[in-house]
Structures are given as C-alpha cells and as structure tokens.
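Two complexes are shown next, each including chain A; its partner changes from chain B in the first to chain C in the second.
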Partner chain A sequence: MDMREDLYREFEAIVGPRNISRDKSVLETYRCMASQNSAHYGPYKVRTPFPMAVLLPGSSEEVQKIIRLCNREGIHFKASSTFWSAQGYVSADNAVQLDLRRMDGVEIDAENGIAIIEPYAIAGVIQAEAMKYGYTCNIQGVGGSSSTVASTAGWQGPGPSSLFTGTNYDNLLACEWVLPNGEILRTGSLGSGDGWFCGEGPGPSLRAILRGGVGTAGDMGVCTKMAVKLAPWPGPDHLASRGKAPAYKADLPDNFRCYTLCFPDWEHWAHGVQLLHENRITYTSHRQFNMFGCDIKGAMVKILSDENKQLCDLPELLEDPEVKAATQDMHCDMQIVLAGMSEADLAYKEAALDEILRISGGHRSQFMAEKEIEDWALLYFIRMGRKNLNYVLCGSYEGHFGLARTNYYLAASLVEEASALKKHWEETTPYLAKVGGNSSMGGLAGIGGGGGVSWEFFAHFDSFDDASVKGVAEYFGETNKWMGAKGLGGCMGKVNEGSRRPDGYDRSQEELNKMFQYAPQPGVFTYQWKVREAFNPNHLTGTYYKTLEPSAVRTDVEGAASIFI
Partner chain B sequence: MKERTLADFRPMQERCSNCSYCKFIPLDKIRSREFAGGCPSIGYYNFNTYSARGRFQLGVALNRGEDVGEKDLEQVVFSCLSCGACDVSCKICRYNLEPLAHNIALKEALIERGMVPGRVAEERDRLMAAGARAGLCAADLGLPVQGEVLFLPGDRTQESPETADTVCRAAALLRRCGLDIAALSEGFFSGAVLYDMGFRKDFEEIAKENIARIEASGAKEVVTPCADTFYALNRLYPELGLTVPVRHITQVLADLIAQGTLRLTQEVPVRVTYHDPCSLGRKGEAYEPWEGEEKKILNQVHTWEPRRPRYIGNDGVYDAPRAVLRAIPGLELAEMERIREYGYSCGEGAGIPEIDPGLAAFAAHGRLDEAKASEAEQLVTADPSSLLQLRSARRDGDLPVTDLLTLVLAAAGEE
Partner chain C sequence: MTAEEDLRLYAGARAFDASPLPSAAVFPANGEEVQKLVLWAKEAGVPLVPVSSAAPHRSPASAPSVPGAVIVDLSRMKKIHSINRRFCMAVIEPGVTYGELRPALAKEGLTINLPVAPRPGKSVIADLLEVTPRRNCLLNWNYIDPLRCTEVTWGDGQKMFTGEAGGGAPDLKKQQSQGKWQINGGGPMMLDFCRILAGSQGTTGIVTWASVKCEPIETVKKVFVLRSQDYDPVRRAVQNALKLRFSDGAFLVNGAALYRMLPDTAQLLAEADGGAAWTAVIEASGREILPEMRVAQQEEDLRGIAAAQGLVLTELTGALGETAGRELDGSGFAEGYAAGAVRLPFVTTLGKAGEFAEKLQATANQKDCGFGLGLYIQPLHQGVSAQVEVLVPELPEGESFYRTALAQIAADGGYYERPYGDAAKIQFGKDPEAARTLEKLYDIFDPARILNPGKLTKAAAAAGQGEEVQP
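On to the complex of A and B.
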C-alpha cells in the first residue's frame, strides 16, 4: 500500500533521509517468509504483508514521534530488531515497520550487576561485554543472535542457563517504554529518577501490564531501553575458543564441566531432573541435542563437533556400533554444565551430582565426555552461538506439542506417546525428517516456582518443498487433536496461528473471541483485552497480544474441546 | 566455469532461515559490541536488505518474477563487497547454503538483464580497457622472463610507486634466496575483481588469456604478493584449466625462514597488528572439483552426493604471514578481535571503492578503529590492494598502515 507523499516526508523528517525507505527492494526484505522464519509462525508458504515504509529510528524520542504520527494518522506499526520472529513483522496493509537496528547500546553497571541495553543489543554481545566485568547473562533459547530486549519485553526468554541466571521475564528491571499511544513510560526506579536498578519501585511497577501473560510480542508499543539482571561468571573475561569452523571448542580453565546425563527410563529421568532443579547445582541444564531426533542425535553430535564431517556422513555414522550404543544410552537424557566458583565449589557440585545420579539411577554419558565433544558442547551451551543448528537438517523446523505448561513428571509420562504419533507420520509420509519420532527438547526451570521443562518437539521439514510444508501443517492438525484430547491446550505448532491468520494478516476480534472463549483461564485474555483498550485504544499493532472480550467468555463444557485453533 | 543462473539458487533462497547470523562474525567469536559486525554492507546501510539474508529474499522475489524495483535494486545488489564474511558466519550452522556465491549470482543476474548502475559499468569498462596485460612487467620488476617460479606482482601494485618499489625489492630478495624467479614480458591483471562484481564472462575472457600465458611460461609455480591474484589462481582459475600451483609470497617467505635460507637479523622494534585480506584468507581456499547433486536422506535431510567442498575459510592463508611477522626480531604481534576466517573487510573488494566510496570508507574505518583498539602501533597487511585502500581511508589519529614486505626487507637488512 502506498503512503501519501506528505506523510512520508513527515516520517522522513523524524529519522532523516538515510533512515527511511519505501523502495520496493527494501520493503520486500521486511516480509516474514513464514515457512522459513519459523520462530514461530508456520508452516505456510506465504509472506507477511508489505509495510508502507521501513524506518530506522535512533532514539526513544524518534520512536515516540513515529508512534504519535501513526496514532494521528491511524497507521499500524510494528517494531523489531533482529527479526528472528514473525512477531516483529507488520500484519496490516497500512503499516510501517520500525527496524531498531541503530539502537544497539550496551552499558554494564558493574557495581549493581546489571546491564542497560537497547533493542539491537543481541544476547551474544551483552554476554561478551558482561564477561569483561565478571558477569554473564541469561541467553534466551533462541540463541545469541537474538535481542534480549525483545525476548524480555515481548516473550518469556527461558534459556539453558535460566536456573542459574534467571529467565528474562525474571530479570527485567527498570525500563523505558514508548506506549502504543506515543507516551513514554519509565518503570520502576527509573520512573522516580533513581536509575535503572529496580523494576518494581520506587516508581511505577507496571510489569504485569506491559508484559501480560507471556509478553507483549511487540503489540504494546516499543520498549526502547531496559536494565536486566546479570549473574556471576566464574570464567575469564573473554571466553576463548579453539579449533576450526564450524566446530569451534571452548578453551576454558578447569572449573567447567559439561555432561550428558542418561537415565534408564522416563520415571528415573523425571526424578533426576527434579533433583537437579531442587539442588541448583547447574550453570545450564537443557535437553538439547535430542532436537535432531532420538535416533540420530549421537551421529549429529559427531558431525557437528568435527569440522571435516558433513550431513552426508549420517548414514555411515548411524551404522557405527559405538554411536548406536551411545545414542541408545542417551534416549532419556539431559545436558548440563557445572561451573565451579572455586575448586571447592566444583568439588561440591560434582559430589552432589554423583549423589543425584545415585538416587535417580542415572549416569554420565562416556560418549559425550570425550574431550573434543565436551569442549564443543561447553561452547554451545555457554555462548548459545549455534542455535541456528535448529535448521541444519532440512532448512526449517517448527516447534510443536509444547508440553510447556506441564511439570516434568507429566511431560515424561506422555513423551513416548507423543513420540509414537510423530514417528508414525515420519514413517508413513515423506514430509518430516525421519529421526526416530522423539525430538523433544527443552530447558529446566521453564516454569517459575515449581520447576519444569519447556518441552517442545522439533518437526524438521523442507521450506523449499511445498509438499513438505503442507504435510507438516496437516501433521500439526493431528498433534493439536492429540493435545486437546489430553487436556493440554493447543499444540504449540497451531497456537502460533492464533496470532495472525495463515495469510499473514491480523486476526479479527471475533476470531480471537472464538479462539479464547473456552480457554481454561479466560481471565488472562479478558485482562489483556482491558489492558489493550486502556493502553492501545487505536489497535495499531497486532494480535499477538491475545485478547478476549469479557462478554464473549463461555463456560459450557461442550465447547471446551475447541479451545485455541 | 560451470554455468549458473539465479534459478539454480532457489533451494538456498527458500531455505534461508532469516536468522541474521550473516550480519555478525561467528557468535562464538564475538568479544565486544563495537566489533561484533561481520558484513560492512548492512553495517553501513542498516536495512536488512543489504545483508545476505536480505539478498536471499530479493532472489526469491526475482525468481518469482515479482517487481522489486529497478534503480534501488541495482544499488542494493552491487553494494556488496563479496568479502565472504556472511558466508563463514552462515556456514557455522547451515551446511547447505552459499551466501557468497548467491550474492555474486545476484549481480550476474542483473547484468544479464542489463540492470547495471552507471558507476558499475564505468568501473567494468575501466578494468576491461586495461585488460589482462595491465600492471608491472618483467622489465619493470627487473626480472627475467624465463624461470621456474613465475612472479605476478599484483592487480594494483603499479598504482603506488612505493608499493611497486617494495614489490620489486621483495622479488629481488627472493632471487637472492635462490629462487629462480621470472616475470611475464607484459603486465598481469587477474580479473578477480570482475568476478566479484558479477562480470563473469569478462572475467573468464581475461582468465583464459592469463592461463594460456602462465602455462606457456614454463614455470612450475606462481608466486604473488597480491591477495586477489592468489584468490584468482588458487580458487577460480583451476576450474578454467590452470594447472600451475600458486603460493602467496608470505608462504614462500615463511618457508625460507623456517629452512634458514632467509635470515631476519635486524631489529624492528614495533608492535603491529595484522589485517587478513579476504582474498588471501577465507576466499583464498584452493579449488576442489565437484560434480554432483542434492540428495535427500531420512525423508527430508539435505546432503550432497558426492560430498561437496564447504569452503568455510579454514584453509586460507593465515599462519604464514603471522609466522613471518613473529620471525622479525623485536617485532610484537597484537591481534585484533576479528581475524582469520572471520576477519573484517578493508572495503577493497568488488570494485566498491569506485562504485560505492561511502561503503568502502565505512569498512576501512571500521578496520582502522579495530586496529587502534588492539593497542598496536602499526597496522600491517600483506596485499598491495588492501594496503592502498586502508591508507586512502586513514584519518588523523589512525595507525600507520604498513606493508608486511617492508618489515621483512628491513629485518633482512635490505633497507
């Protein structure tokens, strides 16, 4: 949709001519390619709508002026920085795209152990800057190339180290937020002029308002700056790596260990994981490499940790007796990193781990303890710089099932049944990569308080292959039914559809009402509806911030099976 | 060279996961906010469009026959240094994407359609007018025309009297070390820059003429101080039939020093940092013949049948220049943050200094800033083109930019 010339000039006056474009070639590259950019919206062979213009603001004040102008003219807007997620792309024709790339500040306040960051400060950069002062940060599961501000304000931000570093939603301190109406809100201690150190006061604490249930997903204005908590880092001021690309290895002192813990069955696994959670001995704790698939994860580790190997080596490695035995051993596994704050601390953590394994019947994988593999995995977990391996098999993947709202005992009791469903599709259709069914992965401490595993299965598919894309969408129809039948809510692979239509445009309120009117806790969505009406009265952003009109709530049991999509 | 069209890249374009790794150096290697960037083009222009990811998206639209503009599209596509930084970063996780090859293929596609910006056309015409026989000849270098080792002085060496003089003296030093060095009776221009600009046919025309001259010279080996010449002869020419091997002069010097033939005895008390030229480093890996096709296994997993070379930059020339520098008495080497396969471009590639001077200066300034942050006293490189580019971009307060060969000559008592 073309923008009026006078309006374009007004936007141009705000950011300067170098920082605005309506060139067709530029606009084309601000469309989410749904089957490719699967964190998370898909799988569909569509691209999101063209924005009318792309703007690169350089300050909160510029963002404010843009949003005020959008409100005056009724123009939709959406801000993003790294564009990892479909959430950051516009979902209407009369919309402008804000690219926050120029706002990349990182300031470490070493005295208070916090980082003050802007939207384009990626987690990998924040961590590198923090390490210089003896700190590290939580890196959200999507990895080091993603925006910590986006993850903290817009989503939940769990990652492998969240048990130790806190999850991003825990770590939010004071922040500067340009509201959907263009007002600038400074929360926590910043609101009373007392700096960045606290999110709850002195000053206004609007964490729940601004974050909502799971984060605003970019629908409640633009968070332009925030402070986040850092965590102690017992390593050097720069994490050096050795080896050749792509199989870089950590070059760390001897106070770090990376283990893959193996358990005889899921019941023992759940017990072991519960003890890990309760005893808080880990720096990272994540079931990671199973994302490739339970039958191929050992072979994939061999490939990825060796710069000379490629995917064409898979068939041979899958027949290797050592790899086969190790893969079988790791069927019920969990990867952890121990970081010793001192020699005695590491000794304590090792002894505690020994005891946890004794009680739960687990053991350390010898295969993963080989020096080159351990150092490769250490670098993987600490820096989270290779999360894009999510895509390595087929070019795309989508998370599904999503037993995220369950504790680890429930997840463990259902994992084989879910895996059997996936395996059936792998073996009877060509759409999904055939990896043994079970491709569940997730981090420990995904749920505040009680502990849990954000358990997501990976469906690896080829975004270039229309049949593969279409087939995976059909498969998610089945997984959604399965989740509903188990009373677990919608499948993760389908819930994403609730945020925008398959054609890339916003959902209508009527559609949203239909989706959430039977939700187990409709109050979450009616609360967000009220917040949106108060803070975003012109509805100029999108429908990722899920809302339900209070008058639309239904309680009849018959409709409950139709929750979500 | 094997024919290719933009359509051949459709699978890659539609499998790019838009992750933005191509904008940064490999994430495992990031040490600071200031020097985290890998691609100068996105660094300068900031719009997604200028990253490899944006170029893949443009490729999708072009292959679908969609209207993505003309003038602006041309500007975007040719404002790529073809430095290969995106290629290395992408390949850390993706085993089936080739961003550098795609960036160049986009340029080729636009040239095929006649969509060539004026400055690009002018630079191409200037290079083609000079032709394959541009540059310093045997007489200029003071070398014979027959010998076992053919010395090719470089694509831009003649542009600076100082650089030309250094190269001549370095050639003389090699002769004194016992190498039977000769040069061509006429100059030599590799044409690598034309390849990186997307003028493949022009490049092939020049390359074929040069290959015939090299093969006819009777030399058993080529030695060059020029990164682009090394890239052309090691990576591009073999596909067109070149059989004579090539070494960069730093590799020859490192060997001579290791053998004890070249003795560096004079103190050169200076703290330097070393810039890896892209064409000598990640782009300079040796060509490996490959014929094959994609093969899916396990339903949807992409592999290549047979195994395909990855060109991830591991086998570029990185150790030899550092070994030479470390052999110089009194010299101290301080590394920058972005080095080796993830080194940052100096802004010299793909004709960018002529096509897009602002982008070229941005890249050079980024490198000069990084050099200063290393706390070195001089920025050293081993390529006349990189040297000239970095020197031309120097501002007050930037480090002096030095040719590695001048340090070697000084240490060898040749001053």
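On to the complex of A and C.
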C-alpha cells in the first residue's frame, strides 16, 4: 500500500531524509516469512505484509512524534531492533516499520552494577562493555547477537546464565517507553528524574502494563531505553579467545570451569537440577548440545569444536566407539560453568558440585572435559554467540513441546515419552531430521535463582521444502494434542498461532474472542483487553497482545479450549 | 465489629498522619466471602480497607484515609495450604504471620528470606505486598521476590489467580494435584498482575492467598559486623561483597537505628569497642551442602574485602552472637522495632545513601531536635539500589523534622517507591505521567475507587490533573 505524499513528507521531517525509505527493494527486506513462532518455521512462501515505509528514528522524541502521527492518521506501526522473528514485523497494509538500529547506546554504571541500554544494543556488546568493569549480563537464549531490550520488553528473556544472573524479566530496572497512544512513560525512579536504579512503583509498578510473564511483542508501544541489572564477571576485561572459525575457544583463567554432567536417568537428573537451584554454585547452567539430537550430539560436538572437521565427517564419527560411548553417557546431561570469585569460592563450588553429584548420582563427562572441547563449550555458554548452529542440520528449526515449565520433575518423567512421539515422526515421515527423537534443550532456570526450567525440543527441517514445512505443522498438531492430554497446556510450537492469520495479517477481535472465550480464567485476557483499550485505543500495533472482550466470555462449557500459556 | 474501642485498633497508625475511625470491621473466612464483600461495597459505594496482621496495626497502608470505611480484617485466614520442600514453595493465607509460618517451614527444612526484626504478629503476605525489603538482597533476583502467585479479588469484584496459577483452572488443589506449585509469579501473560498488587497499599485488590519462595533452612550461621565512624568504608565493603555475591544478609545502620533494632547487641558492642557511628551487619550461612565450608569461604572472602577498606570483620560470638541472631529475627519485638517512631522509607543507591544520611542529620541538628535520628540502609535487588529508612521519633519536634525531611529527600533525588501519606503527594507531584497512568489502571481494576481510597488514588488524581503539590 502506498503512502500519501504529504504524509510521507511529515514522517521524513521527523527522522530526516536519510532515515526513511519507501523504495520497494528496501521494503522487501523488512518482510519476514509469516511464521507464527520464531523465525524459522514456514510457510516460507507467505511473507508479512509490505510496510508503507521504513523509518529509522534516532531518539525517544522522534519515536514519540512518529507514534503521534500514526495515531492521528490511523496508521499501524511496529518497531523492531534485531528482527529475530515475525513478531517484529508489521501485520497490516497501512503500516510503517520502525527500525531502531540507530539507537544502540550502552552506558555502564559501574558503581551500582547497572547497564543503561538502547534497543539496538545487542547482548554481546553489552557484555563486552560490562566486562571492562567486572560485570557481565544475562544473555537471552536467543543469543548474543540479539537485542536485550527486545528480549526484555518484547518476549521472555531466560538464558543459560539466568540461575545466576537472573532473567531479563528479573533484571529490568527503570525504562523509558513510548506507549501506543504516544505518551512517554518513564517507570520507577526514572519517572521523577531520580535515576535508573529502580523500575518499580511509585506504589503499584507501572511496568506491569509493559511486560508480564512474557513481553508485549511490540504491541504495547516502543521501549526506547532501559536499565538492566548486571552480574559479576570474575575474569579479564575482555573475553579472550583462540582458534579459527567456527571452532573458537575461550582463553580464560583457571577460575572458569565448564563441565557436562551426566545422570543415570531423568529422576536423578531432576534431582541434580533441584540441588543446583538450591545451592546456586553455577555461573551458567544449560542443556545445550542435545539440541542436535540425542544420537548425534557427541559427533556434532567433535565436528563443531574442531576447525578441521565438517558435517560430512558425521557418518564416520557416529561409528567411532569413543564418541558412541560418550553420546550414550550423555543421554541425561546438562552443561554448567563454574566461576570462582576467589580461590576459596572456587574451591567451595568444586567441592559442592562433587557433593551434589554424589547425592544425585551424577558424574562429569570425561569426553567433554578434553581441553579443546571444554574451552569451546566455555566460550559457547559465556558469549552465546553461536545461534547459527541451531540451523546447521537442515537450514531451519523450530522449538516445540515446551515441556518443562516449573515442575521439572514432572517434565523429566515425560521426556522419553515425548521423545518417542518425535522419533516416530522422524522414522515414519520424511519431514524431520532423524536424530534419535530426543532433542530436548534449554536453560536450567526460567527464574532467577532457580525454580522452573525453560525447555524445548528442536525440530530440524527444511523450510525451502513445502512438504517438510507442512509435515512439521502436522507434527506440531500432534505434539499439541499430546501436551493437552497430559494437562501441560499448549505446545510452544503453536503458541503464537493466534497472533497472525496464516496470510501474515492481524487476527480480528472476533477470532481472538473465539480462542480465549473458554479460558479457565478469562480475566487474564479480559484485563489485557481493557489495558489495550486504555493505552492503545486505536489498535495500531498488532494481535500478539492477547485480548478477549469481556462480553465474549463463555462459561457454558468448562475447559473447552486449551489455553495458550 | 462496630464498637468504638475495638475500631480504634485500626485507626491512627502513625502519629503524623491523622486517620479517621472506620465504621466497622468484618472478618471474612475465605476468598469467596472477600469477593462478596467487594461486590457489595462496589454496589453500596463503601470504602474497604484490607488488614491482615495482628494488632497493633502500625502500617500506614492499613489505616483508613476516609471516613466510613469498613476494615476487611483477614487475620482469620490462617491456612497454610501447602509447603513443598522439593520446589521450596509455600502457599499461605493472609492471616498467617511470621510467628506461625517460620516454625511450620522449619519442620519441612525450609525458611523464608526475612526482613530485619519482623514482629511475630506481622502478616507475611501483607509484608510482601508492602515490598518490605529483605535482609538478604542477593536472593532478590526479582525486586518483589519472594512473592510469587496470588489469588486476588480486584476492586471491580472479579476474582482470579495471578502468575502461572492464572493459566490453569481456578482451583488451587486441582492445580497442585497436577504438579503445579505456583512457582512463577510473572504474568501469566503480558500483563504483570502481581506488580499491580505489590506496593499498592491495598488499593487495587485484596489477596486471599499467595505463594512464596522459600529457602532450605540454614544449618550453620554466623553474624559479623563492620564498624566505623565513617559511612563510606563500610558502604564500600558491603557493596564490594554484594558485587561478588558474598554474604547471606547485609545492611547498614547508624547508632540510633542499631539501638532501636538490636538493642542488646548494640549495648554489648558499645561495651566492647566504645561505639561507632556506622555498623554493617553481615550474615553468612550454610544450608545442606557443605555448610561449614561455605561459611568458612564467605568469612575468608568477607574478611579480605573488609581489610581492603581498612576495616575489621568481627564475628559476633557467644552471648553476643546469640543475642544478635535472636534480635535480627525479631522474636523480641511484639510491636516491631519501629514502635514509637515513624518510618520514612525512600530508595536511592548505596553511594548516595551516605549523602542523604549526612544531610538529614544536619537538618535534625539545625532544628535542634534533640533526638537520635535512626537511619537504616538496606541494599535492594542484589545491590543495585538501597532503601534508606529514616526512623523519626513520635515527638512534636519529630513531626517538624519529618515534614521538612519529606520535601528535602524528594528535592535531593530520593525516590518514594513506597509512598505513604504525604510522600505520595510529593512523589506523584514529581511524576505526573505516573499518576495519569496509575489513574487509568484504577479505572480498570477499581473503577468505583472503593479499595483504600485516599491513599494513592487521591494523590495520583490530584497530580495527574496538574494540581499544585504542597508538601
């Protein structure tokens, strides 16, 4: 849809001629496959709508002027920074795309352990700046190349270090936010000009409307700046590395240790998680390399940590007895990093880990303790800079099941059954990579300090192959049914299906009402409807923000619909 | 309850803020009764003021601000619905006090991150909803930890669960039978319901149960002090310890506050070292895994950090240690350590807290107040901020100081995150956008303004409309 000339000139006057474009070839790059969850699940051929123009604002004031103009003219808008998924792209024809790449500031308040960041500050850069002052930050699971503001304001924000550093939900301090109605809200201590140190209050926390258990996916306006809590970094002022791409390794002092812990079964594994949650000795704690699949993870680690190996070495490595034994040993595994804040601290943490393993029946993997592999894994977890490896098997992957939320004992007890379902699809259809079924992975703490894990399975597939795309969608239908039957809620592969239509456009309110009208606690959605009406009265963002009209609540059939939580 | 002498228990919480007598007090037994009360009050236009703790009701949030209010006293709701050792979670009703919860948790091998010297009759839920700072700020990954999920009746009469509990059937027993233990307090979706409750002074909803995050109980524990005539070395030592995640509880107090909070400990310390202007109280604990080794490691590292500031880390041993432990846990305070004083809390950073302390002390001296101004500085949220609590004696000269200090703190950049009384007017006056946003939330959650009206609502409405603020 073309924009009126006079309107285009008004937008241009706000950001300047260098920071606006309506060139079709530029606009084409601001379209995404209309995936419903992450970036990598089709249908590949359907893409999000063309924006009328793309704007690159450079300040909160410019963002505010843009949003006010959008409200005046009824134009939809969506802001994004690192554009990880379809959530960041427009979902209507009369819409403008805000690309926040000019707003990339990072400022470290070293005395108080705070980073003040703008939307295009990626986690890897924030970490690099923080390390100069003896700090690090939580790097969200989506990886070091993604925007921390986007993760904090827009989505969830747990990562491998969250047990120690807290999740982005925990770490959010004061922030500056342009609401969809064009008002600027500065939360907590920032609102009265007192600083960035507190994001709560005065009285009830107004950040409640900006993000909850998940972020608002760009539907509650544009977060233009925020402060986040940092965590200690007991290492050098930069993350030294060695080796050649892609097998870079960390060169860190001996107070950093990276281990893969193996357990005889899932009950013991869950007990290990419990003890790590209670004792908080780990710097990072994650189940990572199983994402490739339980049958091939040992071989994949060998390939990826050795600059001379390639994927074509996989068949040979799979036959290697040492690799086979290690892979079997690591069936119920997790990876952790210990970081000693002092000599005594490291000694205590090592001894405590021994004791935890003794109690929970676990042991350290010898295979993963080989120096080159350990240093490769250490860099992996501290920087989270290898998100590209998620795609390495087939070009696309999608998270699904979302098996573990807070009861990881229950989740662990179901892993093999879920794996069997996936393995069945791997073996009886051509849609998924055959990796042994179990490809469960994720952080061991979905909440700072422990409590819950954030687990998903990876489905590796080919998004350029229509049959593979369609087959995965069917498979997710089955996993969704399985989750529902177990009382576990919806499959995360389906979680955003309600947010856009299959053609990439917004859902209607009637469609949303049908999705949520039988929710067991409809207030979750009706209050969101009321908040949307109060702060986004012209409905100019999108339908990722899940709403239910109060008049549409139905109670005639109890539990008729699963809830997308 | 309607007798005047009984209702007086609920009025006049603070000497410097007048509070009208409520018209009645009711004692609901469960969430359903609370919901009926709210629906009735909404229809009748009757103000409701939720109260949970045992008397004396000293919290400024729990005294009515308008005449004719009905007190909703939740102290009968004393059920501990569950204690789950595996996930370190408890679900409790608002009438459950620290004096009741702590032994129940201990039986299961658990404890809860405590504030300094909580009075045994204080409702745990009320304390968490007031966001009273915890001694161990390192356990506050999240600002409002350890508060997690709740059952709430909002001011519009709708009852629901918040946090992950909001995603399942509205039946606590059913959820727990499905292995859901109300662990994650966020959301459950994009609106953070729990944050609309926390800090609201009972103005948005009435909570009828809450889940709280617990910790394995300490099996070895030591209490240390750092003492100095100057604030900065003590502050730097505490800040450096927190930065490296050392300690299991740390706060700073001036002499007057130490005598108020830990009177016997203060006396014994003064006898030993002649007294000090500033004291940091630091705890180190071991729980189930290698407790002695952990405490020894903490002690060694804390000692080094203290020495770097020219300070000596002194362990409180023997009778002194026992006294300090007992006093820290509040078992000797039937009325709380602030009895006879008005608390004036604000948030700043640890570094700036010292500047505030100096200025406030200077103001007290200028006014020739003649009383010891208590200053308690509690690091918050893993050390990124700190609450300064000014303890002002309930004396006529105290009130004059209090009024001056209220304005002075705000002018100097102190943040009233928990704005009580006139602090709300000042804070919203500094931040009218927050006032306008809060008004919109009240329109949604308490459209008839029946929940504790006159607390935040009046101040927010005035500031939101641009009325001039007169501190």
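One rule holds in what follows: the second predicted complex is superposed on the first by the 529 of 565 C-alpha atoms of A that agree within 3 Å, B and C clash if a C-alpha of one lies under 4 Å from a C-alpha of the other, contacts with A are read in each partner's own complex, and residues count from 1 in each chain.
We take it that contacts are C-beta pairs under 8 Å (C-beta built on N, C-alpha and C of every residue); 3 or more make two chains touch, one makes a residue touch a chain.
Keep in mind that this is a model prediction, so the values were computed, not measured.
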item: First, second, both or neither for A:Arg186, with chain B first and chain C second; value: second
item: First, second, both or neither for A:Ala13, with chain B first and chain C second; value: neither
item: Contacts of A:Ser342 with chain B and chain C, given as first, second, both or neither; value: second
item: Contacts of A:Asp99 with chain B and chain C, given as first, second, both or neither; value: first
item: On chain A, the residue positions that both chain B and chain C contact, one per complex; value: none
item: Chain C partner contacts - residues on chain A that touch it in the complex; value: 111-114, 134, 166-167, 169-171, 173, 183-189, 191-195, 197-209, 211-217, 219-220, 229, 231-232, 234, 274-275, 277-279, 341-342, 344-345, 347-348, 351-352, 355-356, 405-407, 409-410, 446-449, 451-452, 487, 489, 520-521, 523-525, 527-528, 530-531, 534-535, 545-546, 559, 563, 565
item: Chain A to chain B touching residues, read off their complex; value: 19, 21, 23-26, 28-33, 35-38, 54, 56, 82-84, 99, 101-102, 104, 106, 121-122, 124-125, 128-129, 143-145, 238, 241, 244-246, 248, 296, 307, 310-312, 314-315, 379, 383-396, 426, 430-435, 460-465, 468
item: Complex contact set, residues of chain C against chain A; value: 86-89, 131, 139, 141-145, 158, 160-161, 163-164, 166-170, 178-181, 183-184, 186-201, 203-204, 213, 215-216, 239, 243-246, 287-290, 293-294, 296-297, 300-301, 304, 347-351, 380-385, 410, 413-419, 424, 427-428, 430-431, 433-434, 436-438, 440-441, 443-445, 456, 460
item: Residues of chain B touching chain A in the complex; value: 10-11, 14-21, 24, 26-33, 36, 46-49, 53-54, 57-58, 60-61, 66-69, 72-73, 76, 88, 91-96, 295-308, 310, 312-314, 341
